[in-house]
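Dropping the structure in here first, questions after.
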Amino acid sequence: MRSIKFGVIGAGRIGRLHAENLAYYVPEAELLWVADVVKEPARETAERLGITNWTTDYREVLADPKVEAVLICTSTDTHAEIIQAAAAAQKDIFCEKPLALDLSEIEKALRAVKKAGVLLQVGFHRRFDPHFRRLKELLEAGEIGKPWLLKITSYDPAPPPISYVKVSGGIFLDMTIHDFDMARFLLGDVEEVYAAGAVLVDPEIGKAGDVDTAVVTLRFKSGALGVITNCRKAIYGHDQRIEVLGEKGGLFAENPLPHATRVANERGYHTAPLHYFFVERYREAYIAEIKAFVEAVQEGKEPPVTGLDGKIPVVIGYAAKKSLLERRPVRLGEIDPSLA
Amino acid sequence: MRSIKFGVIGAGRIGRLHAENLAYYVPEAELLWVADVVKEPARETAERLGITNWTTDYREVLADPKVEAVLICTSTDTHAEIIQAAAAAQKDIFCEKPLALDLSEIEKALRAVKKAGVLLQVGFHRRFDPHFRRLKELLEAGEIGKPWLLKITSYDPAPPPISYVKVSGGIFLDMTIHDFDMARFLLGDVEEVYAAGAVLVDPEIGKAGDVDTAVVTLRFKSGALGVITNCRKAIYGHDQRIEVLGEKGGLFAENPLPHATRVANERGYHTAPLHYFFVERYREAYIAEIKAFVEAVQEGKEPPVTGLDGKIPVVIGYAAKKSLLERRPVRLGEIDPSLA
Amino acid sequence: MRSIKFGVIGAGRIGRLHAENLAYYVPEAELLWVADVVKEPARETAERLGITNWTTDYREVLADPKVEAVLICTSTDTHAEIIQAAAAAQKDIFCEKPLALDLSEIEKALRAVKKAGVLLQVGFHRRFDPHFRRLKELLEAGEIGKPWLLKITSYDPAPPPISYVKVSGGIFLDMTIHDFDMARFLLGDVEEVYAAGAVLVDPEIGKAGDVDTAVVTLRFKSGALGVITNCRKAIYGHDQRIEVLGEKGGLFAENPLPHATRVANERGYHTAPLHYFFVERYREAYIAEIKAFVEAVQEGKEPPVTGLDGKIPVVIGYAAKKSLLERRPVRLGEIDPSLA
Amino acid sequence: MRSIKFGVIGAGRIGRLHAENLAYYVPEAELLWVADVVKEPARETAERLGITNWTTDYREVLADPKVEAVLICTSTDTHAEIIQAAAAAQKDIFCEKPLALDLSEIEKALRAVKKAGVLLQVGFHRRFDPHFRRLKELLEAGEIGKPWLLKITSYDPAPPPISYVKVSGGIFLDMTIHDFDMARFLLGDVEEVYAAGAVLVDPEIGKAGDVDTAVVTLRFKSGALGVITNCRKAIYGHDQRIEVLGEKGGLFAENPLPHATRVANERGYHTAPLHYFFVERYREAYIAEIKAFVEAVQEGKEPPVTGLDGKIPVVIGYAAKKSLLERRPVRLGEIDPSLA
């Protein structure tokens, strides 16, 4: 298969992670450019990975005719604009989640992608986690028959800085969005959301107008129920588990531990702590999602996480926000009539 | 310690279970009477346990001056009446849950108990389960600091007969009531409930006006959140787990397996199935709760599960029913102003 | 079924344990006598269990025509004599392991039992452990086909007093004897033993002429191999595990934990410690073995652990001692030609 | 760090595995040559990895002055010769285990390496497994104090072809050799070996003069004991576990599972099967060992698995063979007086 030539736009934490994965672990990709509005991360990342081209203006990347695809890892408020520019430049696009916080911005970006006929994959990496993938395979193989009840546990080890909380769009658009996507990935369309929230971890999060702990009830079009539990802080690490109860049994994706070595002493048996956070926990998933995108580009086929897959979790997030505010269940159709 | 003389009123499944435990596993108790409105179970149970007295009229038990305490295991609609009669007869009382489906009946019974000055313990056996008890000890020892989020998984292996569903008061008063009690036991007073429900297991349950699958969100007075997931059918057994996330870590009471022997073959590792249902799963808990009651009677002290502990989960159950009906969160004060 | 009337001879730790189990947990048994050469334990045990008869002379127990069966829990050097006296008195006999340290004493006792036509069960309680029992059932059900390799892990939490070590007959006759019995129970006849030993826990054990850590290789008549690992000290509790590898898979009896509740924090996940020692670990097994004996007496059938089952592990123990001394594998026939 | 230029000699299964790892997962290495006595694997491997140079004569690789290091993955009987040629050509050397089956050949090779002053690392990949590494770290950190008893479980999923068994040197030099190395890695010098073996998996293995199941007892210079259990066939996969009991507790490296997703149904809970064999099980270890070699070459420092580390397990293997034959424990000094 021919190697796909890439530009990475945005060299923050997640941009650097993708750039390294492209450079080291995806033989079918070649990284040509690193762009960042700030000079140092762009230069430093390019240098470390042995890439000659770096820039502070992403348009330089788009202008390079050798670049076939871009990875957009900039701050959320720039996603929609860069997607449109990249589409206009006929580049295939991988964009980090969320596509945008404004639904009309998302629509505009999706229209541009459609019009240009380029590919777009959205960065819901958890779909590529081998444990969750195995759960989905078992579900689809009918191992538990019809699914009735989905439970997603999703805790972060520590809250982000308050400055980030303020621009994040709130817990449902920043954190739960991954769980909304996972819910759709596993059980299909969501119809209604009820969200309860509390400020328990840090009162500053409350002052910033957000909650840090949440219980979100989902009702699926299929009639099944779901519940997502979120907390911004679990001192023992990135707790990420999924359960599905169905007519013929249960499926349980437990937390993988970094190693399988235990200590026994007079206080009991002691395992390793969980992977600390997403970089460690989803290492394989991040590589797999890029490989999947490269494969889609190589074959010119629809990527496994589409633009619509990128938009709907944002809609669910707004429904959850509305539910929290109005203290009642909210149907997706109230946010986006096309999903009624 | 002196041995406490008992009468068991009601010789259905749970009555026989308690009678056997009293006879075999509680050396500090002596079983004098077995009563049941139906002759055969009364006679058969008494005979099997080597007890000479049996009757179809519970008043005969209460009339025996040697009897110090009674176990009420009759159908729910008779609990309040028998409690009042037993209190009038100056017997200490252990009564199965729920005390009654009618809150005013419960109040009447509790007043009778108070007036008579007898002891009353309500049959929330899960409080005596060694796994949950250990979780509570760790919680109280401050092992995870302040608790933020409680998760209770509580599935039955198979739904009860539809005839029972119809008189049960519905899933929240029949099944979730145990989880409401556990929530209070672990995290204290509940303030508000939101219940989502679905009919997924058996449409007949829906026709009977009930749901068979539920997600119930709790808000505690402390500010903590909780969620209970219920299903009337988990083909793999009586799935009963509790998790608490707190500021310093997590607590997890997993399902104990009947035995610790695994098989490995080319398809993987295979454990025992779960205990099928409550009789097997809570064997130790049932013995421990009766021992605790006997100890309370011996020492004339307040039993570990009081009349109020018996009443409040019924109130929460009504709040959940109202929530399901009105599709909104309901505060306990709406059901019982004394709990506002 | 009629209730069997018992005398317990020997009121040390294990005698008291059996006496309590008989009194509380074996409804089909009635305890009439407690005997001990020392007055206090006899009197105290009888009193606590509400039994009127106690004595310092076991012959008084044997002289009581109401007594149908005895439990011999005295020191090992008295077992053979008491077995013979009990057999002569036509009592059925349950005797703790080992039957004797002297093989000719064992033979004499077994002949007396045979001549008298009474029943004899030997106290290898681990055969009644539910985890090991399940493993045996799976093995017999052909779950792993022909067994090839047996691995028994058997560690004590702490060594016994040196005074006991000196009269114990050594680790192989005192501790490994249970593992030898388990090996026979699971894989059948043992043909050859090789024992390696070391003094690692306490040099005083070495001075007493014993080892405290051992690796014992077994060759079964079937051709299968086995290995037992022993240590007198595992600070984390009574580690008791069994594995069998066979042509179609593996069986693993893991350590059951006292409870299924875990704590997670930044150092990892933490379970309960193991059961400390045999009293806690084999609680159910001790009750089940007495119930099995009572059933054998009631039905007049051969008990599940026979006199020969009591003798052969002693022979294997002597073969292990000889192997350790002579640094070579030893066949059972070298110790007892009848087993060649 | 400068990139190290490599030639891979031998393009069988393990050679291809190393070549791919070098090409894809070790950024600090550059693969220049692939050699194999058979043309097709050499050509095919080079082509697939985009390497221009391939040959059927390894001397061509050694003659290329750009090549700094070679990986020797040929059949065992050629290792010593190629090591000597590579040393003479001043290449640093990574050689698969065993260095040779003939101890004098090994000595000759080690002398050549020493004389040439080149680096030599031997392919004991398990030392780089993250689970075993963690166990070693905990051991060295004193987590369980002084180690007393080491237990290594090491089963293959299926036996090799009989043609290979015949030239393999036997189970102890082919399979157990890894466990001997692990034993030394964890607990230091071995003093004495006792091996019991049986033919249980396949009678053809017996006809080839080998055993397929073994229990090997080790005595360490420290006084500690060890036991290795081996079987050529475990239908459930590559079972690779290590336990150490010490004065302050136990360490347990369990088998990592391919994924953490379980199914529950009426027959119990079901996990994934084990990794099938070494390629899957030790994927990370193979990459880590090559990275460690590259680092040693870059820094000109002694590799983490030396020539002596390569030789001693062969000596232990011969001691085990002698033990099996002569049915007695054998000291290493009997095989190699320098290890007495």
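For clarity, chains are labelled A, B, C and D in written order, and residue numbers in each chain start from 1.
Definition applied: contacts are C-beta pairs under 8 Å (C-beta built on N, C-alpha and C of every residue); 3 or more make two chains touch, one makes a residue touch a chain.
Here the structure is a predicted model, which is why all the values come from computation and not from measurement.
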Key: A-B compared against B-D, more contacting pairs   = A-B
Key: Approximate Å spacing (C-alpha centroids) for the pair subunit B, subunit C   = 40
Key: Inter-centroid spacing, subunit B versus subunit A (mean Cα positions, whole Å)   = 42
Ask   = In whole angstrom, what separates the CA-based centres of subunit B and subunit D?
value = 58
Remark   = Residues of subunit C that touch at least two other chains are 234-236, 239, 248-250, 264-266, 272
Query = Draw the chains as dots and join the ones that touch; what shape do you get: line, ring, star, complete or other?
reply = complete
Note = Residue positions on subunit A within touch of subunit B in the complex are 146, 148-149, 151, 153, 155, 194, 196-198, 200-201, 213-215, 217, 219, 223-227, 229, 231, 233-236, 239, 245, 247-250, 327-329
Ask   = Which residues, counting only subunit C, touch subunit B once they are in their complex?
value = 23-25, 27, 130-132, 134-135, 138, 143-144, 248-256, 258-266, 272
Query = Contact residues on subunit B for subunit D in the complex?
reply = 234-237, 239, 264-274
